[in-house]
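Accompanying notes for the structure given below.
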Amino acid sequence: MTAQARPAGWAAWIALPVLVAVWMLLSHLLDSSLLPSPAAVLQTLVEQASSGQLWHHLGVTLYRVILSFVLAMVLGVALGFCMGRWATVNAVLDPVLVLMLNLPALVTIILLYVWMGLVEPAAILAVVINKVPNVAVTVREGARSLDRKLEQMATVYRFGWPQRLWDLWLPQLFPYLMASARGGLALIWKIVLVVELLGRSDGIGFQLHMAFQVFDVSAILAYSLAFIMVVQLIELLVLQPLERRAHRWRHPEVTHA
Amino acid sequence: MLELSFDGRGFRQPVLGAIHLRIERGDRVCLLGPSGVGKTTLLNILAGLDPVVLPSAFTQGSDLRVGYLFQEPRLLPWRTLYQNLVLVGAKREEAARLLSQVGLTGYGNHYPDQLSLGMARRAALARCLAVAPDLLLLDEPFASLDAERAGELQALITGLLDQNPAMAMVCVTHDEADAASLAAQRWWLEGAPARLRVEGGGESAGRRSTAAGPDSQNAGPLWAEARGGEGA
Amino acid sequence: EGLPTLSLSVLQYGTAHWELAHVQRRGLDRDQGFLLELRPVANLPASRLALTGASVDGAVADLLWVQSRYESDAHLVFVPFSTRIGELVVAPDSDIVGFGDLVGKRIGVAGGPDSKGWILMQRVAADQGIDLAASNQIQYGAPPLLSEALKRGRLDAVVTYWHFAARLQAEGAGRSVMPLASLLAELSLEQNLPVLGYVFRADWSAEHRDLLARFASAIRQAKAELAADPAAWDGVRALMRAPDDRVYQALRNGFIAGTPGPLDDRRIASLRQLLALTGADRERIMPPSLFYREGP
Amino acid sequence: MTAQARPAGWAAWIALPVLVAVWMLLSHLLDSSLLPSPAAVLQTLVEQASSGQLWHHLGVTLYRVILSFVLAMVLGVALGFCMGRWATVNAVLDPVLVLMLNLPALVTIILLYVWMGLVEPAAILAVVINKVPNVAVTVREGARSLDRKLEQMATVYRFGWPQRLWDLWLPQLFPYLMASARGGLALIWKIVLVVELLGRSDGIGFQLHMAFQVFDVSAILAYSLAFIMVVQLIELLVLQPLERRAHRWRHPEVTHA
Amino acid sequence: MLELSFDGRGFRQPVLGAIHLRIERGDRVCLLGPSGVGKTTLLNILAGLDPVVLPSAFTQGSDLRVGYLFQEPRLLPWRTLYQNLVLVGAKREEAARLLSQVGLTGYGNHYPDQLSLGMARRAALARCLAVAPDLLLLDEPFASLDAERAGELQALITGLLDQNPAMAMVCVTHDEADAASLAAQRWWLEGAPARLRVEGGGESAGRRSTAAGPDSQNAGPLWAEARGGEGA
C-alpha cells in the first residue's frame, strides 16, 4: 500500500527525457518560431553562456534571490511561529498578514521604487515584503500543530531555548519549512523577475523582458531554463540530502535485506 | 518540600475536587485509584504542567527538579535513545549505564519508533532517572512489562531511593504488590470530582517512609546531598 | 449589418486611442464602410501579444519591433501613425544642453536598451566620439518610475516617450533638451519619418486590401479633423488623463505635431536606412512592400 | 507558555487602525501624489464603486480567481498527495515539479496566449499551471508526514476510500491544505493580475496596470484594497470558521470556566 | 482457519525466527514473552500488517475479519468516540452499548484527547469488539486498568467468546492470572530471533479450547453463524 521503499535510481530519469521528447515532437510539428526546438534553445543557451552574458545575469539574479530568500525565511519563520503559538499575537497580526499577503507585488515594488529610488535595497526589500507573509502563513500552521505532550515533556525536563528550538520545534516544523523553502524559492525568483523588469538594468528578469519585447521565445526559454537548472541543483545537492537526513527517523525499518 | 493547596475550581469538567497535600523529602507515595479518576491529572499538577492550577497554589516546591515518567513514553521520535537522554542533561556514559540498567544495552543508537512499547517505556524511565530528580513522578512504571523485567526495575528504583534518602517519589500503580513493596504511603483517589484519601492518616502525606538526612527546607540540591552521604 | 470589421488592440491611455476614439465617435469607420473594433489592453507587451496570437487584426507598434518580427519570419504591414520618437528631458534647472553635457551623468531610459530613441542617441553620440553607454550610469525602467526619479533628483536626464515628456514639461518638472526625431537630420535622413504605425499581419492584409485602405483613409480623416478643430478634442479629453489645461494643451499640440506625411519611395528608403542604422541585419531589412502606401 | 486560550475580541481591531493611522501620518508628512491619504483612496474607491466600474472588474477578477483556485487545488492536492505517498511517483515526477514550479508565470502566460490566443481558457489555464506545483509541494510534505500507525489501524478495520479520505487523511492534511489555500489564494490573485495585464481587457489587473501607466497611485491602492477586502471577508467567513471547526478536537479542555 | 508459514527472513534485525502456526475457529490463545521479544510484531503479522511477511506466507486466512486492539489506543483523535466506533461499521446504538459495556457511558461525544489513557484503551477495545471479528487480536487488553475494571473487561471478553464459539482470539498479556482465566492455549515467544513455543504441544496451536460449531473452512460470516446459534 504505502510503498515507502527507496525508489529505483532510474526513476528520476524518466520524466525529463519524455518531456524533452514531447517538446521536440511538438516543435517539429508546429515548426514555428514561437516554439523553438530543444536544440535551438540549447544553442541560444550555449551562445549566451560563452559570451559571458548568461553568467553575469544569472549571477546577479541569484544574488538577489538568495539574499531575499534568507531574509524572508528568517523573518517569515519568526513571524509565523509566534502567530501560530500565541493566539493573541495571531489575532492582532492576522489582518495585517492578510493584507500583506494579498498586496500585489506590483504595488509594493512601485511604491518602494518611488520612495527609495530605483536602487538595489528597494528591489530586495520589495521581494522580502512579498515573500514574508507566504512563509509566515505556512509556518503558522506548523506552529499550531506542535505536539503539546512533547511540549510538556520539555517543560518538565527544563529544555533551554536552544534545545526547544533545535530538538523540539525544528523537527516538527521541518515539513512546513521544506514546503515554504521550495515554494519560496520559486516565488522569490518570480518576484525578482518582476522587480528586475520594472527597475533594474541587469538580471534574468531584465533579459527575459528584452527577449519578450521581440518575442524571442528561444531566449526566454534559455534564460528560464538556466535558472531552473540552478534550482534543480539546489534541490539535488541541498534540499533532498537535508530531507533524507531529517526523515531518517521516520521509516528506519524499511531497508530490509 | 512541596505543599499544594488547590480548591478544584477551573476544570471544565470537575476532575479533581479540592486538594491539599504536602510531600516531604524522602516520602514514598503510591497513588491508587480506578481508571480515569484523575491520577495522571494529579501528577501533572505536581509537575507544574496543569494550566488550570496556578503556581500560587503551590505554597512550596514549584521549583523542584522533577523526573516524570509519563504514562506514554514521550521520547523525541527524531532523536536516538542516547540523544534523548543527553538532552535532559545526562553524560554519554551515564546514558549508556542507565540504558543498560533498564535492559536496553545496545539500543542507544535506535530511534524510539524502532522499539517495542515496553522498551520505549523503559527508555523513558531511564531518562527520568537521568535528571537526578528531587521528586520522582512515575505513572505506571511497570505497565507493559513481564513480571521478571518489572521486578528488576522495581529493584532498580528501590535501590535508587535507598541511595538517595532525600528523594521523594509519587508512583501511580494498579498493582497492590508493587504498591506494597515500593512505598510506605498510599494515596487513594476516589469519586467524581475526585478526593484524595490518605491511607491511615489525614489529608497530608507528611510522614516519611525512611528516616533520612536533615529536613532542610528546599536547601541545596538534594541529589548532591544524597551522593555525599553515599560516599561517607 | 454586414459591414466588415477591423479589430485593433490599443493601449487604453495610449496616444493612438485618441484618434481611434475619434473615429468611432464620429462614425468615420461607418462612413468608410467598415466597423472599427477596439480591444483595450493595459500595456505594450499585451498589445503585441494580442497581435502575435492573432486575437486582433492589428495593433500599434514601432518600426523596430516590426523589423525584428520580420527577421523572425513574421511579416507585418506598417501603416504610419506618428513621427514621435521620444524626448531627452532634464530637470528645469539643469545645465545640460546637448550630448556633450551628458557624459558622466545619470540617465534614465524608458523601455530598455532596445528603445529606438536611445539607440538613435547612442548612434549620433558615437558619431561625435562620445560613448554614451560606457561613460554614464544608465538606468532602464518603466517611464512613470523614471519621471518620478527625475522629479526627485535621482536622475539627471531621462530619455522617455513624448507624452511623458510633455507632462513633465507642462508640470514644470522637466525641460526638453531635444525631440529625438531631430536626430534624424544628424544622420542625414528624411525628417518626420513615421516610426510608429498600425501594423497588420501580412497574410491578413493581403486578403483585406480594401479594408486596410478604408481604415487608412478613416485615420487620415480623423487626423485632419483633430488638427483643424480644437473642439473635436473634447470627446478625447477623458482618455488623455490631463490633470489641467496646460498638460492638455501640451499633449494636444504634441500629438498634432507628430502627424506623418504619406509614404513615398524616398521616405520608405529613408525608413529602411534608419533600420539599418539602428542595427538591423542589412540583408534582411523589411521590403518596401510591407510599408503601406496611400492610393492604388 | 502556550497561551492557546481564545484571544479577546478586541485583538483583531488593533493592527488595522494603527496601520491606517501610520499611513495617514506618512501621507500627511510626505504630501505627495505618490502616497495619497487614506481619505483620497477611499474617495477613489467610492467613485469607482458608484460608477459600477469597480464591481465589474472585481467580479471578473473574482470569477477568474475562484475558478482557477478550485482547479489548482484539486489537481495540486491530488498530485502532491500521490507524490508524498509513493516514493516512486515522487522520484519520477519530481524533476517536472521543480521545472513547473520555477517556470516564470510570464513564460507560461506568453506561450499559452500565443498558442491559444487571448482567450479566457488560456488565461485560466496559465494560472492553474502556475499554481498547481505550489499546492503539490506543500501537500506532498503533508502526505509524507501521515501517521503510519493510524494507517495500519485503517487497514485492519477495512476503511473504504471515502473513509480514508475524509476521516483519516483530510484531518492530517488539514494544516497543509490551509497553508496552501491561504498562500494559494494570494498567489493566484497575483498571477491573475499578470494574466489580465497581458491579455485581458477587464479585471483588476487590467485596471491596476492602466493606473500604473498614468501613475495613479490612488487608483492602484483603491483596486488592490478592494480585492484584499474580499479576501479578508473570505478569511473571516470561510477559512477561520472552518479552521475553528477543524481544530476543535485539538484543545478541547482550554475553555475553562 | 488461519495458517501461517514464515521463514523469518526479511527483517532488518532478525526479530522473529521461522514461524509456523495454525489457528482454528474457537481457539483461545494467550501469547506470552518478555518485553521486546516480538509479540506485537507477531500480532501485526497475523493482522496482515507486516510489510515483510508476504501474503503468500498465509496458507489460509489472509482475508479474515480482524478485530485488533493495538498496544496504544490508535483512535482517530479528531473524531469523537461515537464517530470512531461508527467508522468501523457499528450502528449508533451498538456503539453506545459497547461504550457502556467498557465503562464509558456518557463519553460518546468526547474526543480521545479528553480521556485518560486507560479510558482510551477501553474505547479502543469497544471498537475492536464492534467489528464482529472472526479473529480477535488483543495486545495487553488490561494494561493501565485497575483490578476491578480489568476483571469486568475480562468477564466481558470471556462472555463474548462463549457466545461466539467460532471466534478465535490471540491475546498478549504479562499476567499469569489473566492468561489462566482467558485462554486454553499458551504460546511463548523466547530468544532472539524469537521462536514460538506452544505450551504442552508442537509448533501448531491447533487444539481448540471449547468444542464448538461445525469446522466449516472459512465459510460464511462466523459472527452471523454464532448469532444464529445464540437465538436457537
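Labels A, B, C, D and E are assigned to the chains in the order they are written; within every chain, residues are numbered from 1.
As a convention for this text, a residue touches a chain if its C-beta (ideal position, glycine included) is under 8 Å from a C-beta of that chain, and two chains touch if they have at least 3 such contacts.
Protein identities per chain, from UniProt: A, D = NitT/TauT family transport system permease protein; B, E = NitT/TauT family transport system ATP-binding protein.
Keep in mind it's a predicted model, so treat the numbers as computed, not measured.
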Touching both subunit A and subunit C (chains): D
Distance-maximising chain from subunit B - centres being C-alpha averages: C
Inter-chain pair with the most contacting C-beta pairs: A-D
Mean-CA-position distance for subunit C and subunit B (Å): 85
Subunit C and subunit D, separation of their C-alpha mean positions in angstrom: 39
For subunit B paired with subunit D, centre-to-centre distance based on mean C-alpha positions, whole Å: 49
Junction residues of subunit C - those touching two or more other chains: 45, 52, 142, 148
Where subunit B touches two or more other chains, by residue: 72
Touching two or more other chains - residues of subunit D: 34, 110, 114-115, 155, 208-209, 212, 253
Partner subunit A, residues of subunit D touching it in the complex: 1-8, 11-12, 14-16, 19, 34-35, 85-88, 90-96, 98-99, 101-107, 110-111, 114-115, 133-134, 137-138, 140-142, 144-145, 148, 151, 155, 175-176, 178-179, 182-183, 185-187, 189-190, 193, 208-209, 212, 217, 220-221, 224, 227-228, 231-232, 235, 247, 251
Interfacial residue positions of subunit A with respect to subunit B in the complex: 149-150, 152-153, 155-159, 163, 167-168, 171, 246, 248-250, 252-253
Footprint of subunit A on subunit B - complex, ascending: 44, 47-49, 65-66, 68, 70, 72, 74, 76-79, 83, 87-89, 110-111, 113-114, 127, 131
Touching residues on subunit D, where the partner in the complex is subunit C: 34, 110, 113-119, 196-199, 201, 205-206, 208-210, 212-216
Interface residues, subunit B side, partner subunit E - complex: 32-36, 38-40, 71-72, 103, 115-119, 122, 140, 143-150, 174, 176
